[in-house]
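Structures for review follow.
Below are two complexes that have subunit A in common, paired first with subunit B and then with subunit C.
After this line comes the complex of A and B, so read on.
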């Protein structure tokens, strides 16, 4: 029997954990071990205080448990959900995910097919089928299925991102760029998509693509001043263009200016990072040497 | 202009203002649960969902196309608007005009909607008007013109009374809309007691459900896309970026 202050603390703790789980759920965190720790305790000890939230927590904990190979926990969560929602497609999908985790892909596929027979518009089942193809290493089939899916559901951003990743793995950079363009169009203020697009363009190579890369690295920096990767990307693309023999003098001059600016910003960043630390002088020097070695000789 | 300040009997507050709030709130909660009971799953048509997403993409292309390189924008515009192979030109959907009188599913939906929303409002509004008439209930905090008097002061025949003093029926309607945020607090988002949201839905014609005629929607989207020019937002991005040092605040803690 707990005293009043202990009860109060327990209540506060449960609420705090519940809010944490909600935050992780809404912002799509994949810290599965943490979720399993917190969620398992909440479910086993404090189930009564959670009310109706418990079902969505079961779902969240189950997916995290699959990620951590905790089949026991996943199975118990699934049983609870099946008991409460016997005919639900959403629960069926979770059952399918568990089969996927056990690598029983045939059975999982059968389950997803039955969902789709019942409800052809169910996007979750279709996406799981594509994930199965990816898990089995059948990238070209996954790409084909994903393309078909996107033809019907052009607005699914998660799918566009997955497709861009698949294309990058297949080194089909032009198509990956197309997917990233879709994402940039729908999320113009997301600096990460700009940066990824710029990296793909940089990898494609060629003067035009390098110019585009430089522009989009700059845009990513404009959207988020602290994106160091974009800063380095800006430096690299500008130096590459400046070093190319085919550019006009004006373009070369401009790009040298951009590269120099990027260098100064990088040094500034490293100096700020090393503030107050004894190793400061050494790391700043190391950065300068690195930048010099990366510098493509300009003829 | 403001007129003499009236002092109302405090029993009006106790026996009129508060009960009306109470009644409106309870009826709203009841409406929510009744709607949930009568609610049936809306079967979504795959074609409709797909088309609505295509239209959304075209609209986004018009609005945010300036963040894409010129060629990418041109490629997408071409995909949509090309005179021979463009999506909006080529795709014609078979449209079965859904007559609201004969289409059974729409009819039942409409009836249910009317039953749960309009009917209680009329009934309770009428009862309040009958039960609490003949006296002034409250004063709205902002001045109103005389044109509002016949609407807001039913049953009170005073020519010189300021239009800010309103009857109980208008207090009831104020409550119906005002308690919306209370419903969100108690019933969670998406609750069926939220009348103004229902009216909003009827006006904007929800993004998921298609307007009854996709062909017309395609045509108007085609026209809108045709006139859009590509002005690249990244034209001078380097110059804009470099006019000041980068702000690294928060990067190193």
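After this line comes the complex of A and C, so read on.
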């Protein structure tokens, strides 16, 4: 039906889209609409060219379809996977996820319990049970279960980050900071964990926490000097410390210097980002006004 | 559907084609380098067997001549032959060595270009573009009770869902949507 050059282009398209799907899968993108769009087309029309990749694409598209309320697509993907891998725990977990999306939490729990009976070390089923508790709003039980899970599987980065998020939602910042410390220990080069830890410390408040926050914002900037949130965080924490009545004059002077440096970096970053654009002058002025308005005044 | 994919394909394939053509050039370079290496090895083996043959001939010369008086002149002749063979074989040796080294360098250079992108030694540099958007997503802990379940629902599905899974919470969500409009 298609001519030779069209076939050639279609082959290129399949490869290109398959690489895109792999990138989204490996880097945890949750752009479910796009995944459903691209994945549905690939599955329906170019299944033969995908080879064995098609099974993992089925899994990815199924989860994205559950996000987009496309239950028909999710059901058909699940059927294909069930046909190919009849006794697989991974496919059972996907069936459980579909039940969760339909809010049939008891049925999903029964399914996960049956997986755990077969294989008590299955981490995926335990994590889904914790997610069910979270979806039902039982955060304290979810936190307890997640703590028990982490006692057994200490190296699970995802779980530590999830636990820190749960603690932040409960406003238990000290424990959230502990979880983030675990993450920073195992990923010392990751500026985002440093920055999130600094934000939690800043939220806790108090002079020592503010100083710690300022140090970790600086560390995040050292790891990645393009992190704007860390720059703003440095400015805010330094201004806070400088405005606090309990500090010595030398500390105050140092922090004013840090805040001034942060201000200059912020203005420069906005100027660089806006160069060549017409509204540059207005936006730079807006940034300066914003920084002035963010000055901490002693109450 | 196919028309749209063809349009995207033509746009995407221009970039892909450039990359693919560059990589096949470097694959050719690696092929040429390996072939030159094999050729140099083969000629080195041949040269070595040739040297062994001619050296045997040189050695047999004085053994054949049993007479002592003729030994000196024969030695001189054999020396001359050996000296003459040495210059030619030296040049050949040098040429083979040069070819081996060049082929090795070309192969290495080609392989470096084929083998994909290098990662930075600095562990933090590959994270420079990572944002919280993707860091906060934990695929094993994904929840599905978000507004996407309602937002993305096709309009025909809303009024009468014949599925047996119509839950008591659904009418509430639909009522909330109606309040919006």
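Basically, the second predicted complex is superposed on the first by the 296 of 299 C-alpha atoms of A that agree within 3 Å, B and C clash if a C-alpha of one lies under 4 Å from a C-alpha of the other, contacts with A are read in each partner's own complex, and residues count from 1 in each chain.
Simple rule for what comes next: contacts are C-beta pairs under 8 Å (C-beta built on N, C-alpha and C of every residue); 3 or more make two chains touch, one makes a residue touch a chain.
Just so it is clear, the model here is predicted, and its values are computed rather than measured.
**Q** Go through the superposed model and pick first if A:178 touches only subunit B, second if only subunit C, both, or neither.
**A** A:178 sits against subunit B, while subunit C stays out of touch.
**Q** When the two structures are overlaid on chain A, which partner does A:268 contact: first (subunit B), second (subunit C), both, or neither?
**A** A:268 sits against subunit B, while subunit C stays out of touch.
**Q** Could you look at A:214 and tell me whether it touches subunit B, subunit C, both or neither (first, second, both, neither)?
**A** first
**Q** Between subunit B and subunit C, whom does A:158 touch in the aligned arrangement: first, second, both, or neither?
**A** second
**Q** Who wins on subunit A residues touched, subunit B or subunit C?
**A** The partner that reaches more residues of subunit A in the superposed model: C.
**Q** A:226 in the overlay: touching subunit B, subunit C, both, or neither? Say first, second, both or neither.
**A** After superposition on chain A, A:226 lies in contact with both partners, subunit B and subunit C.
**Q** Which of the two partners, first being subunit B and second being subunit C, lies in contact with A:258: first, second, both, or neither?
**A** first
**Q** Applying the touch criterion given at the start, work out whether A:32 contacts subunit B, subunit C, both or neither, answering first, second, both or neither.
**A** second
**Q** Where on subunit A do the contacts with subunit B and the contacts with subunit C coincide?
**A** Looking at subunit A, the two contact sets intersect at 226.
**Q** Inside the complex, what are the residues of subunit C that reach subunit A?
**A** 1-2, 5-6, 8-10, 12-13, 16-17, 123-124, 127-128, 130-146, 148-153, 163, 165, 167, 169
**Q** Flag every residue of subunit B that touches subunit A in the complex, lowest number first.
**A** 44-46, 49-50, 53-54, 56-57, 60-61, 64-65, 67-69, 72, 234, 237-238, 240-242, 245-248, 250-252
**Q** Touching subunit B in the complex: which residues of subunit A?
**A** 120-121, 152-155, 178, 181, 184-186, 188, 212, 214-216, 218-219, 221-222, 225-226, 228, 231, 258, 261, 265, 268-269, 272-273, 275
**Q** Write out the stretch or stretches of subunit A touching subunit C in their complex.
**A** These residues of subunit A touch subunit C: 2, 6, 8-10, 12-13, 15-16, 27-30, 32-33, 41, 44-45, 63, 66-71, 97, 100-104, 123-124, 127-128, 130-131, 134-135, 158-159, 161-162, 165, 189-192, 196, 223-224, 226.
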